[in-house]
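Think of it as A, B, C and D in the order they're written, each chain with its own count starting at 1.
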Amino acid sequence: MKLKRITVVLILSWLIFQAGAQPVRNELLVPDIDGYHTLKCDFHIHTVFSDGDVWPLTRVSEAWREGLDAIAITDHLEYNPHKKYIPISHEAPYEIAKESAQQAGIILIKGTEITKSMPPGHFNALFIDQATPVHNDDYKQALREAKAQGAFILWNHPGWKAQAPDGPKWMDEHQELFDEKLFHGIEVANYNEWYPEVLDWAGDKNLTIFSNSDIHEPMSDYLLQNKTDRRPITLVFSRERTSESIHEALLAGRTAGWFREYLFAREEILNQLLEESIDVSITGRNEKNITYKIRNLTDLVFNMHFPVAGSDKFLPGRSSILITLPAKENHDQVTFGNLLSRSGKPVVAQLSSLMKP
Amino acid sequence: MKLKRITVVLILSWLIFQAGAQPVRNELLVPDIDGYHTLKCDFHIHTVFSDGDVWPLTRVSEAWREGLDAIAITDHLEYNPHKKYIPISHEAPYEIAKESAQQAGIILIKGTEITKSMPPGHFNALFIDQATPVHNDDYKQALREAKAQGAFILWNHPGWKAQAPDGPKWMDEHQELFDEKLFHGIEVANYNEWYPEVLDWAGDKNLTIFSNSDIHEPMSDYLLQNKTDRRPITLVFSRERTSESIHEALLAGRTAGWFREYLFAREEILNQLLEESIDVSITGRNEKNITYKIRNLTDLVFNMHFPVAGSDKFLPGRSSILITLPAKENHDQVTFGNLLSRSGKPVVAQLSSLMKP
Amino acid sequence: MKLKRITVVLILSWLIFQAGAQPVRNELLVPDIDGYHTLKCDFHIHTVFSDGDVWPLTRVSEAWREGLDAIAITDHLEYNPHKKYIPISHEAPYEIAKESAQQAGIILIKGTEITKSMPPGHFNALFIDQATPVHNDDYKQALREAKAQGAFILWNHPGWKAQAPDGPKWMDEHQELFDEKLFHGIEVANYNEWYPEVLDWAGDKNLTIFSNSDIHEPMSDYLLQNKTDRRPITLVFSRERTSESIHEALLAGRTAGWFREYLFAREEILNQLLEESIDVSITGRNEKNITYKIRNLTDLVFNMHFPVAGSDKFLPGRSSILITLPAKENHDQVTFGNLLSRSGKPVVAQLSSLMKP
Amino acid sequence: MKLKRITVVLILSWLIFQAGAQPVRNELLVPDIDGYHTLKCDFHIHTVFSDGDVWPLTRVSEAWREGLDAIAITDHLEYNPHKKYIPISHEAPYEIAKESAQQAGIILIKGTEITKSMPPGHFNALFIDQATPVHNDDYKQALREAKAQGAFILWNHPGWKAQAPDGPKWMDEHQELFDEKLFHGIEVANYNEWYPEVLDWAGDKNLTIFSNSDIHEPMSDYLLQNKTDRRPITLVFSRERTSESIHEALLAGRTAGWFREYLFAREEILNQLLEESIDVSITGRNEKNITYKIRNLTDLVFNMHFPVAGSDKFLPGRSSILITLPAKENHDQVTFGNLLSRSGKPVVAQLSSLMKP
């Protein structure tokens, strides 16, 4: 009886603790484009319920702290190294995390990872109702079940060394799945790597681009270890801040992969992000030269290559640079080396076209 | 002759180096208010031309890098410890720095520091034409000469321990100068300290509030030593980005002192800065409690005290917090402990009044 | 069958990953004293097996990375908020972590937390064989069982606000347990706080001093949130690098609590740590003054108060300072404000006595 | 008269300020070798007396703060862009800095930079008596004068792009100077670059190796801009902590260039530094594999390449790593990629030979 009282007291104080528990949220400054909300999302996350190291609630706290708008926990269906201690439960992570996510205003999307050897490799099914029925030895049956539930499906880390030692390969199996519309998206970036070939596939085959963390350890460990401030993020250009709107945007391919300094997206999306991020003005001019101030008030960064040798510039987030260029025709053409619509195709723009009227 | 050629080559390569020399500028995110531009300024800076450690050009680079809009170099007229090596030249710092400032879009205001023992202490004269004539053993004559040149004059560090060991004192000499309108502003914050009494003086006597660095060493040394990202800054709410507009704003008292986490200003200015900086929304509600998300996309910070004990929150720049408050009357009253119009008078507001429609 | 093969491949690649998985270990520089090894330990750690957020293996990685020599995982016996998903298993954390700890050369001590309401509060039992039998509604029976297993027992966070809102209190219940020798140590520091009164108790009652993390979240989160590089650590002065030697040292009271800048220990231990850490030399001298260089090549820090007003100095790890003192008698007496044998009793020493011959 | 008093008060308070002015010194942990003191030195530094940005005293403070033992201020003889404001004075920097250096225990070596176009480029003369007589339009005469004063002379930044756009070249002019013994050392590293060919020259021609900062701006700016904690340093292995001993060591070629992660030195010096820095022990062993712990308690770092593919490791300062290697012959051979005696010749050692007995 005494124990009961203690437990109640403990649980109460724990709940009270939880109430104020969310740490400070670092807001990421990324502009909205073209009437859409730009949502910061991570659609590939693990917990102790497969081979991850943390409890599902920690994933919500991390997402809040890092300024994310939506996440999907996607534990492996087939790989459960903790099962000696944690009975297999594919629905548990979502169940545990959903209330906390709601309180923090994080959109929690139910997902799972279908984990097969290559071919065809690993796939995430998002917006599912139940993960358990998706578990199937036959990968096609698994994907079909996910699709039957209305899932959005993406092919994960097609270039993961352990499964693709010679680089990503589009095999017959992938073509079959693609033809049957059993996946619609693909990870161009995953954890600490990105795959140039896969960016081209996305363009060729009209696949939705993803950049996901595939995090297993505590996220702070990843950030410290990789000396970065930010996990891989999928920017979703969404009509509203809802799960349904995100689903619609993924189907329409309105995403950008944000990985380290890179942005991977369709050309028109990159152009809009650029326009909304950068502000150019002229601060000096004589017969020979023009000096430009280029200002970026967002958290995006820009690698700028100018026609004049030796004048490349890196423009970090929330900062400005000065650049002096010869006052000749086409002198002000800039190649943004980190904005890629295809592996060899950076965004090119005129500084003058980025001047606000 | 050979030497000449060498020198020319050297000077040329040096100039070329200078052309692209400005480092990246970190932009400070502070909202404009009420139709005014919010300019970030520092009106108290030293160089090797008095007892500072650096060349005037370095002060321009630092200002650019730290996101400032305007600076005044204010070397001591009376104190010249380097004179054995550097002939006294009160006009030199401005002369040396002006072109570089112009190229970087930094407004360089000509100034000087009238450096007397207490009373009356040190005064900065801003917007002067010539510093040399201001040098006068009689402090009143010095201030009158500055005024005759149209200077804006402020009393520097009234609480500096070396001159005011028992705290800032408004002496007869200060009253005389004030009555003769020989100064119009006062430093509430200087270097690494601020003076609560002086904030009250500013309110009582309608003096323009300043927060200046009084920097002598390289600014990076100050930042590292004081474990801060930002020097003391005077925010000026200016009609245009010109020297004249800044002068007009100083005369009108439209400034705020930004020192560490503090903002010192007239109440209406603090309220406007708060409104433009903070965005409140409700993310959860039941009979007992309401949960608010408070978002701040600026580089200002906010120390928030809520009526419920133990629920104080610190809201850093570019971040959000969640706070759950009881759903009672006046439950949502917040005291912003770091926004001070007088020494004991923080801004108080209702969360509901900070919600955007 | 296919699945089996996949699983085997996955497990193999996972194990290979694990083999090289330990990150870089940051070595903490703390001197050995008096023929003992100075071991850095944390005897209070949680995992998902009670109310912690991470898998036990993560605790080993963290300890390795942070330069620890020994840890005890001490999940709550009575508080199991994850039990809906993780069947209660008090032996699991040790079982899971032991091999990894051995490979990393971390001494893993089996422990558990006896979790009662106040009085008497929470107690850690270390060096136990089996945690399960210690679980008992009657706290005395629980402690007796632990003692019967040869446990070293300490009273945890006696000043924890939730249980001691008016500060730590030594109640009759504690006296009874103490008289029956049912605990031998006490936490002077826990998580992000320390208790001055408890340091005095330790001196009065000859209790072994502990400074433990009581970590629940990922350790990187704690470090980032608390803006510190180091968790609370119990320094153990141990004959050998073995579990048995640590046990002997705890019984003999040869520990120091290392919390933020503080060291809590018996006076003779503090004196020895000081002597082994600090090196003083004279770099200048005239009739009036002597200038000393004080060098500290360890990761300990020292808050030094000198008899001359305004001359206090902070000596960080791996650094030196210069101090000029008047050449008078007893001029060189230093109070080390952060080395405490009792709450009001800092170590006092003469600089001259810290000069190496 | 009044002014006089003021000035005296000001100067006094300034001197008092100076007395306690030196900031905290960060001690660099580099082992002594073979009976020599390992002194951290920078022999190439500028001030406002040529084209540098800071006052000479600042160079002493920086050296103290960064843990240096000796510096030479080496302003340009021929290049004086500040001469409109600062009369040319080649002796001033030493004169100004010497007392402050002495108080801080920094060995200040009098030097100057002979600044000619290529060929032969720039040369530093160290341990001179008077800089002014060294100034000579004829570079040979300048070097002969320096030599007559007993100077140690080094060729600066032989690969500086502005003078050697196609890489460093050993021209006839250099051979002549070398034959006449008009220089004895060479910068393998300067500011933010190093020159592989020059390291080979040093080996071939028995030139003393230097790594110098050639700093012009405030050192904190360099460190922030280059995202590094440490300027380029020349390690000197010196019998005593005196100017004379350093001179002797330079003549004997007992130096190492320490630039970012690299150490450039003669093979025997590198081997000794390695042995004194690294401590290897075996923490696990079975038929197939041996696990080693490699510990480094210094501030040097080590890039280690192992025979097994994919097992390269970076060992930062004050840290340890674990590495598991196959238990075969020569399995434990490590290539230390950042310890170079020649451009393509890293140090190779057996882990077993680095085990302490």
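Assume contacts are C-beta pairs under 8 Å (C-beta built on N, C-alpha and C of every residue); 3 or more make two chains touch, one makes a residue touch a chain.
What you are looking at is a predicted structure, and each value in this text was computed from that prediction instead of being measured.
Using the contact threshold fixed earlier, the set of chains in contact with both chain A and chain C is empty. Each chain's centre was taken as the mean of its CA atoms, and the one lying most distant from chain D is A. Between chain B and chain C the centroid-to-centroid distance comes to 44 Å (mean Cα coordinates, whole Å). Between chain B and chain D the centroid-to-centroid distance comes to 39 Å (mean Cα coordinates, whole Å).
Residue numbers of chain A whose C-beta contacts span two or more other chains: none are found. Under the contact rule stated at the top, the pairs of chains that touch are A-B, A-C, B-D, C-D. Touching chain C in their complex are the following residues of chain A: 2-3, 5-7, 9-11, 13-14, 23, 48-49, 51-55, 57-58, 78-79, 81-82, 85-87, 89, 92, 96, 115-117, 137, 162, 217-218, 220-221, 223-225.
Contact residues on chain D toward chain C in their complex (touch as defined above): 19-20, 22, 24-27, 29, 102-105, 283-284, 291, 293, 295-297, 311, 314-316, 318-324.
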